[in-house]
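Please go over the structures that come below.
There are two complexes below, and they share chain A, which is joined by chain B in the first and by chain C in the second.
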Partner chain A sequence: MRDKLAIGLAAAAAGLLANNLYQMFMVLPDEALQGAIYRILFFHAPAAMVGMIGYFVALTFSVLYLTSKNLIHDSLAASIVEVSLVFSVVNLVTGSIWARIIWGIWWTWDYRLTSALVCVLIFFGYLVMRRAIDEPTQRARLSSALCIFGCVDVVIVWKSIEWFRNQHPGPVLDFRTGGGKMDPAYAHVFWMNFVAILLMATALVLVRTRQEATSREIDSLRRLAHTAA
Partner chain B sequence: MKTVKHALLIARKDLAVELRTKESLNAAGAFSIVILLLFSFAFDPDPEQVKEIGGGLLWLVFAFAGALVFNRSFARELPNDCLDTLLASPLSPASLLTGKALANFVMLLAMELVSIVIFGIFFNVNWTRHIGELSLVFALGTWGISMLGAVFGALTVNLRLRELMLPIIIYPLLIPLLIAAIELTKLLLANQPPSPSDFLWAKILIVFDVVFTALAMMLADTILVN
Partner chain C sequence: MDARNFTFMFYGFLAAWVIVLLYVISLARRGARLKKELDEVRKITSQSEQHADRH
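What follows is the complex of A and B.
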């Protein structure tokens, strides 16, 4: 059932993505000031949003693990962090390419960029820590705690463009500005691409959760064999 | 009230052990002096450059030397199952964590005092002009580092590669606090009047301390109970 759902979500994401690519490259005109490169923002911002939503969902599952002690919640949190990390890296890479064209530099130590990089490092540390702990309940307990601490930085990433004067552009999406900063045609493709990336991320989480469950099963069998020996 | 009393008890015990062995203080103090020395050889900064980079240099030294203190904080309780005994005692996990953070705080402040005196001598900087404000920045910054150090010292105490894991986890989390402390220290060392935007850094320091202390208290059971 879960496999079919993952395949269905991936297929829906692929279909939507194909349509979005057609809209981006064949229908929408170049942006007046930025030219063709603005199209990378259809991937840059949704990847960041999916990453951040993922970290907060992982936070929820981490809290759920601490209250229920159910290892499935821990597997879900770990899978979601892993997938979110991939999208955060996509966000950094696409942002860097955009910056090279528009600003003339690959990177600047702006608060938004710095906090986003720090966020990637924190959750990379989360995954490294998980691999350093063999005992499943200890791993789940400690990584839940780290996830809760790490999510403080996600709030800083989210709010940094409001708190600090940055080189990174300020908020442009309607739900943060109250509207009027993005053309409706661009906004439509943007949100469609957000949905496509969200579907893709959900499919990846389902696949990754299944792998986590299998590895937990193998681990418990290995322990059983070790105890019997 | 009981938590505070117990935390002070733990801090006093840790400081007494440290004063007897001096293993963390000696290592952290020597490490910070070596870094300051290496830095003066590597870059040979002029007085203007020192004002620019002094804050960053000091806080990096404090953060790196701090990791040596945090690694020992809970690890010293492992021989003879002392940590299990502490957890089995009537002390609450929150008081144990706060006590460890307090001991880290005092040890780091002592190391910072030595470091800034040596920094002033090596780089010819008069750091005493704003000693009150500087002490406040050091206290706020050091509390944040100490609390996170205690939390992650406890989290990583039973891990393989403990010495490696602690810096990987703790430094990214400390970055907002370090940036704020660096900016304020730079301002005070350069003897510049603060602008309204500089108060944002002070707010970040305070909020960081409050948020992470509250989170540590809330999660103390999770972090410490096996």
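What follows is the complex of A and C.
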């Protein structure tokens, strides 16, 4: 059932992405000031948003683990963090390529970029730490704590373009500005691509959670075999 | 417009897809490894159970 759902979501994401790519390249014109490269933003910003949503869903499961001590919640949090991290890396890399043309530099240590990099490093550390701890409950407890800590940085990433003067552009999306900063035709493709990336991330999380379930089954069978021996 | 503008847009799209593709490949490899490991552990467990039944 979960496999079929993952395949369905991946197929829906692929169909939507194909349509979005057609819209981006065949329908929408180049942006007046940025030229063709503005199209990177159709992946850069939705990847960041999907990553942030993922971290907050992982935060929910981490808190649930701490209250319930159910390892399934920990597995779900870890799966979601891993997939979110992939999209955060996409966000950083595509942003850097965009910046090279628009700002003339690959990187600058402004609040938004630095907090986003710190976020990637925290959640990369989260995954490395999980590999280093064998005992499941200790791993889950420390992972949950680190996830909660990491999500404080996610809030800073989100709000940094409002709180500080940055090299990074300020908010442009209607739900943050009240409207008027993005052409409706661009906004439509932007949100369609956000949905496509969200569907793709959900499909990946489903695959990853299945793997976590298999890992738990292997662990329990090993313990059973050990006890029988 | 700068000729690099289009080239860098291509690099951006390429980078995004390569990162996702590498992750999908790593997921598929990890899935295959876990399946193999599960089969092996199941085999060992059933052998242990048979051994325990005999005694």
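In this text, the second predicted complex is superposed on the first by the 226 of 229 C-alpha atoms of A that agree within 3 Å, B and C clash if a C-alpha of one lies under 4 Å from a C-alpha of the other, contacts with A are read in each partner's own complex, and residues count from 1 in each chain.
Keep in mind that, in the parts below, a contact is a pair of C-beta atoms (placed from the backbone, for glycine too) under 8 Å apart; a residue touches a chain by one contact, two chains touch by 3 or more.
All values derive from a computational prediction rather than experimental measurement.
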| item | value |
| --- | --- |
| Partner chain(s) touched by A:Met200 [first = chain B, second = chain C, both, neither] | second |
| Chain B versus chain C as contact partner of A:Ala47, first or second or both or neither | second |
| Chain B versus chain C as contact partner of A:Leu221, first or second or both or neither | second |
| Which of chain B and chain C A:Asp74 touches, first, second, both or neither | neither |
| Partner chain in contact with A:Asp110 - chain B first, chain C second, else both or neither | neither |
| Per-residue touch tally on chain A - higher for chain B or for chain C | C |
| Which superposed partner A:Ile97 touches (first chain B, second chain C, both, neither) | second |
| Which superposed partner A:Leu142 touches (first chain B, second chain C, both, neither) | first |
| Residues of chain A at both interfaces, chain B in one complex, chain C in the other | none |
| Interfacial residue positions of chain A with respect to chain C in the complex | 30, 34-37, 39-40, 43-44, 47, 83, 86, 89-90, 93-94, 97-98, 100-101, 200, 204, 207-208, 210-211, 214-215, 217-218, 221-222, 224-225, 228-229 |
| Sites on chain C touched by chain A in the complex | 1-2, 4-6, 8-9, 11-13, 15-16, 19-20, 23-24, 27, 30-31, 34-35, 37-38, 41-42, 44-45, 48-49, 51-52 |
| Residues of chain A defined as touching chain B within the complex | 66, 114-115, 118, 121-122, 125-126, 128-129, 132-133, 138, 141-142, 144-146, 148-150, 152-153, 156, 163-164 |
| Residue ranges of chain B touching chain A (in the complex, touch as defined) | 148, 151, 155-156, 158-161, 165, 168-169, 171-173, 175-176, 179, 200, 211-212, 215, 219, 222-223, 226 |
